[in-house]
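Quick one: the structure is below, questions incoming.
Chain nomenclature is as follows: A, B and C, assigned in order of appearance, with residue numbering initiated at 1 for each chain independently.
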């Protein structure tokens, strides 16, 4: 049985917009429409989409903060809308833009409070705390009030807080936002390890496509409240009709290469960039170029995932 | 002033053993709650959070002391006002100084207790706006308990520090024929009044689920209510007192019970049974507060923010 | 000079964005005014025949309630503290100290802009609402109206000077919440908002009427009530002016000290 199950989930809001000085017009906004997907235990899934696509709404429904207008949601066999508190004990959440820790209390106090709230047995608490403090290098920070921590340090604190009670699922809402490169890498490595060694299922919403590329095996793209894509990265690239690039270094500057199935997009002295559809096999093209032109060097570039996703968003907003 | 490095509670055997948890539990499957353990109840959640906040505020003793002193000063000024009024008269609406001191003492004590317990519930609007309310909903504990305990500050005790002595003095000076009923009535009325204030505080705070971050109305009703009950309601006129009896039941905070304790006739001729109604009113309001909270959360969870 | 006018105008505009909230808050002011009025009515009616206490008759007392309640926000009796406080805490004030404009005059202009808006958006409505519930005494003549306006202006200035001094304490105390708290409590009591200062008995009354807080609410209210006929007006306005000058001068001194401290500490 899948760990997370959504079927036919709708979420509509009635928003009152001001139209003029005193009048308010009622507008029905469908944040999520007919959303269905499943996530099995042990998966590491990225959930991406443009702003306002319905990502946070989905996560809120999965955690029970919001109640769906229609459809069915089951997480670990429980209905988040009705069994919120029971589910809360099995789930960990990390919000990128606000902390789950208590702002004015030292880190250690926050963890201790969580131990009591989640009813963690003392031995388990000790073990976990030591493990995460070690892994995330929180040792010297334990006595510091959370408000004095840097963003990266606070994120590590939040990760610990979310995992102390050994949740089966971890939701992360934009966890790497605002972090520097080293911190991002550290967070990703940590999450990968959690998923690999502890089997924690992870659902990650993000705008940082590096997160997607380096961490997740599966990607779900949501736009305008609907699931636009659900698959792995290769499929994502193919789906968005992305193009691969052949970078050819000729021996000397020459007019644009002519090659059936590819087109030259840029020329800079002896170097030329040729784009061709991602599904086309590269080997025959390479062979053809090498046969017909004096080539000093040749390289193959995969489509930039940012391009891929941008294309996907553009396509679905065209459709909408 | 610094927190001790080891913060383990007394029930933590691993620490007694010494070192960092000799037993490394490798049970990977499933969450850690001991079998059948349910999330902590609301009261327990509240108490554990309050204890932690109290401990945290002791880290800044000077600030705490200063703020407590300010509270003390404010309540003293409040009371000085009554004394100044009585410098010019022997009675107010027929009540002598001791009687007004009694009204002040009971109202201020009850308000101080309610404020101490759940004073921060009015920050609901702010929590919703900043997203920290969602953080509370994600934990396996009562959101109301968390909200009430959030940023608990022992400095609120300052309010009680003036109110209780005034009440004590009033009790000794009041011209009352004390019997068992009257003696019992005093703690009962203060208890009921505390519940009434707390319930009203919660009810008006829940409007922020719909109206957003707007503590104005809250302020007017509860702070205004606490202020006006420091004086005999007789001074406000029949219409106002009717409103305070049947609409916003502040008359039951101390006025009605005081009429019983002081053995005075009701200047507006309201039924004598009302004098004993305050516990009942408190219970009804508490139930209403619970309903209001439930409705508020339901609304929040279906419409978001 | 034009800089400060611009600051004041900008402040006025900034605060006018919160008109709705301002009006809503006026209801709280009115409700408290009503409660206070009833207490004073009960006091006056407890003695037969209707007395004059502290020189006030009943109508004076009730009018005083609503004038004082109306002035609360304009004169910032209960705060809020100046935004300067936050700027000192974050260190942004270093930028302000480098500007060619004078720090104190800048914030005074800002405060006067705020007060002018709130005088219209809050003081006037609160007084009018009070007038609907009770019979109030209006100022007798155009001279008195004018004098009241001047008196309120001076009151805001005195209040500003006090708040400015307290705000500057942030340079030394880092956390000024304690000082602000104490100042607000004292301000509320000694400005006459709890009970009119004219009721304060004996030495307490004399003390209260000499303190600067008296200049913030009690004096303008008394001017409005016509308690300073003819040349006596100068003594009232002079009292306010005296405190204003004294406190503003102290403010300049402390600013200089603060400036030196910022330089020493490196901002």
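Just so we're on the same page, a residue touches a chain if its C-beta (ideal position, glycine included) is under 8 Å from a C-beta of that chain, and two chains touch if they have at least 3 such contacts.
Every value quoted in this text rests on a predicted model; they were computed, and no experiment measured them.
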item	value
From chain B, the most remote chain by mean C-alpha position	A
Chain closest to the assembly centre - both centres taken as Cα means	B
Averaged-CA centre spacing for the pair chain C and chain B, given as whole angstrom	31
Distance from chain B to chain A - Cα centre to Cα centre, in angstrom	44
Whole-Å gap between the CA centroids of chain A and chain C	54
Complex contacts: residues of chain B adjacent to chain C	62-63, 66-67, 69-70, 73-74, 77-78, 80-81, 84-85, 87-93, 214, 216, 219-220, 224, 227-228, 231-232, 234-237, 240
Interface residues, chain C side, partner chain B - complex	21, 24-25, 27-28, 31-32, 35, 38-39, 41-43, 46-47, 51, 53, 175, 177-178, 181-182, 185-186, 188-189, 194-195, 199-201, 204
Residues of chain A defined as touching chain B within the complex	13-14, 57, 60, 63-67, 69, 81, 84-86, 88-91, 93, 95, 97-100, 102, 104-106, 108-109, 112-113, 116-127, 130, 143, 165-168, 198-199
Residues of chain B that touch chain A when the two form their complex	2-3, 5, 7-9, 11-15, 20-21, 23-25, 28-34, 37-40, 45, 48-49, 52-53, 55-56, 130-132, 134-135, 137-141, 151, 301-304
